[in-house]
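Chain naming follows the written order as A, B and C, and within any one chain the residues start at number 1.
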Amino acid sequence: MSDFLMPSLGADMDKGTVVEWLKKPGDHIERGDVLAVVETQKGAFEIEVFEQGVLSEILVPVGTEVPVGAVLARIDGMVAAKAPAGPPPAVAPPATAASPAAAPPATRPIPPRREAPRSAERPRISPAAARRAAELGVDVRGLGGSGPGGAITIADVEAVAGAPIVAPRRGFDPAAMRQAIATAMARSKREIPHYYLSLPIDLGRATEWLAEENARRDVGRRLLPAALLLKAVALALREVPQLNGFWIDDAPKLSSAIHVGWAISLRGGGLMAPAIHDADRLTLDQAMAALRDLVTRARTARIRGSEMMNPTVTVTSLGERGADSVLGVIYPPQLAIVGFGAPRMAASIVDGEIRQRPMVQATLAADHRASDGAGGSRLLAAIDRHLQKPETL
Amino acid sequence: MSDAETIARLRTILGGIAPDLDVATVAPDDDLRNDIGLDSMDFLNFVIAAHEQLGVTVPEADYGKVSSLLKFARYIAAH
Amino acid sequence: MTGAQERQKTTYREAIRQAIREALKRDDRVFLMGEDVGRYGGCYAVTKGLLQEFGEERIRDTPLSESAFVGAGIGAAMAGMRPIVEIMTVNFSLLALDQIVNNAATIPHMSGGQFAVPLVIRMATGAGRQLAAQHSHSLEGWYAHIPGLKVVAPATLADARGMLWSALLDPNPVLIFEHVNLYNMEGELEADAGPVPLAGAVVRRPGRDLSVITYGASLHKSLAAAEQLAATGIEAEVIDLRSLRPLDDEAIIASVARTRRALIVDEGWRSGGISAEICARVAEQAFYDLDAPPARLCGAEVPIPYPKHLEDAAIPQVDTIRAAALELVRPQGRTA
């Protein structure tokens, strides 16, 4: 018997709401299966299980908010298997419930909160909403509540009247996400002594190589500069490991795995930076596929829990329509954020001559507690070096 | 297929790759990057989806010629 | 309004004084008595000048014995007079509790209706003037517990002016609670503003999202909070109870049935207070219309403190009313 817990999907998360169960008691579970969809301030995420067995019991009904570490379900006959990407020891794996900002690691799961246990059969619902639900023939089991204490209100009932009850609150709330960003960024600026470096990088060779490569490729296999940037950063981090990992309990906890959090701006407002796991070990095509997949899923609110749990570094690329450069704010408890401005044609001195070259401003914001400018400079230089040999990425 | 029909199909495709957009509000001559806010990844996904569903192949060099639904429809008509 | 051109600036204090003056002129049986109401002009200066105008027969300074002068008032009322008794504050009225509860409230019943007690007792209530714990409590809810009494709390100039005459016409003892923070309230009133009914709650601001049920000085804080809430898209309906005994169930329930949410704001203490009574009636009569549990914002359960910041913190204020309303209407939105 093993517990399936509410995971910590980032240092700024302390609770989440189950909005959908994708398996039911009795179902066989393979490692990597998505068991539930959990909504946080940053939106809804798919939570995978890293073991196999049989789902024996669901303890938290849909629509219920519980703290990180709460037991969501029990799984029988578990054969422990490692998570595919191996969440780094530094970041709270679900079993410890430790968000670095919050409680110390708990040896036992935190009990779901103080109120009397609620069952799916008797949901918390206002009398008026119950009457309305009866009038409309709405089944309120599994319905999320927006009233005091998460109670179902008339508005909640009317919102789903006539619509099938599937993940009623799926999607993200821009105001809540703004709050999550505010909390994380304020903490970052309060606690992390940032230092900043920048380096203009000549993208000429990379651009030419990409154009040739894409001209040969099918539409579906085309590469974007983003894939080169992702790969170059991941490889550079291998050389400068002190920038990859976390600052926890007043000490750096470096990660051997390189999980690059890729900042994705959401059109509805806000942004998220889910991880591309082991980015340094992906081929360029795999990196491109991973990026495409990630962006597409971010747009449809289908990011997985493991992707929010463990990025070891963040990359933010403004794209060709962005500003010239970005001095990032580190996502705590990470150690660094690498930024790329918009590539622009600029005058550059090459072999003693002024030439017009496509240039990009690569920047680094890093935690001065964990590294110094010399290490940071080496990282930017390594990124530059890799981008000059695109064919080797 | 008339331009209007092609635009309608492109709009559906756009909705598929950018479900967070209200595609009904995308005007035929809105610039998909500057006005609608597609990033390079969205745009590539759009080109790929159009290739899969409409059979049109847009080389990278021609991206400027398909920067709005109307331009894209005319590009398809011409190729 | 036809009387618009006759409106004149006045204060709550002046409106009460005018009401007393008018009653004295209108009916020879009316007289006023209490501590310092004559030469001193009343501890809150409500009766200033009345002694000079009406003489010692009708404006009577009494000894410092609430039990004695309230008892004298009851006797006078039973004998056919129409006394207005002023007690400095509700805290001091406890010295006359026996007279009010055991005599005034019971005699009409015990005499089988042979004796009416057409007595009016006015007293100050509430906190906000830094008068500390023996002069600042809101005990009107206690009196609202007693059958045989009528308990009113004028919160507006029109009610301050109009309730006294209605109270004098009533055959039962009527207690009028004047919140100390209202005496200086300024506004306009028609020169010939007349009596108003004693009972019946009034919607002072219509709204669709929640009902704020209150009275006395808290009415004005509630209206200010409603104004702020409106800026965030929440429309609070504000109900002025006016009368605490009898309570206007019909008006309360009609409003709550419409808005589906009730917030009761009462400067008095929560435990066993009038707010508890209103809450219970809402739950009893509007249960199936409620979309959230009835909520209460009451005075902190401490003797009212003397320091200004603690006194302020001990009773409902505009920001706490606003927060309580938000909690009720938009619990998610509160942190966002």
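Throughout what follows, a contact is a pair of C-beta atoms (placed from the backbone, for glycine too) under 8 Å apart; a residue touches a chain by one contact, two chains touch by 3 or more.
This is a predicted model, so every value here is computed, not measured.
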{"item": "Greatest separation from subunit C - chain, by CA centre", "value": "B"}
{"item": "Central chain (distance from its CA mean to the mean of all protein CA atoms)", "value": "A"}
{"item": "Where subunit A and subunit C are represented by their mean Cα positions, the distance between them in whole Å", "value": "58"}
{"item": "Separation of mean Cα positions, subunit C and subunit B [Å, integer]", "value": "69"}
{"item": "Centre-to-centre distance between subunit B and subunit A (centres being mean Cα positions), rounded to whole Å", "value": "29"}
{"item": "Multi-chain contact sites of subunit A, meaning residues that touch two or more partners", "value": "none"}
{"item": "Residues of subunit C touching subunit A in the complex", "value": "260, 287-293, 327-328, 331-333, 335-336"}
{"item": "Subunit B residues within the subunit A interface of the complex", "value": "17-21, 33-34, 37, 39-42, 44-45, 47-48, 51-52, 57-61"}
{"item": "Parts of subunit A lying in touch with subunit B, wherever the complex brings them together", "value": "211, 214-215, 219-220, 222, 224-226, 265-268, 291-292, 295-296, 299-300, 319-321"}
{"item": "Subunit C partner contacts - residues on subunit A that touch it in the complex", "value": "126-129, 131, 146-149, 151, 153-155, 173, 175-176, 178-179"}
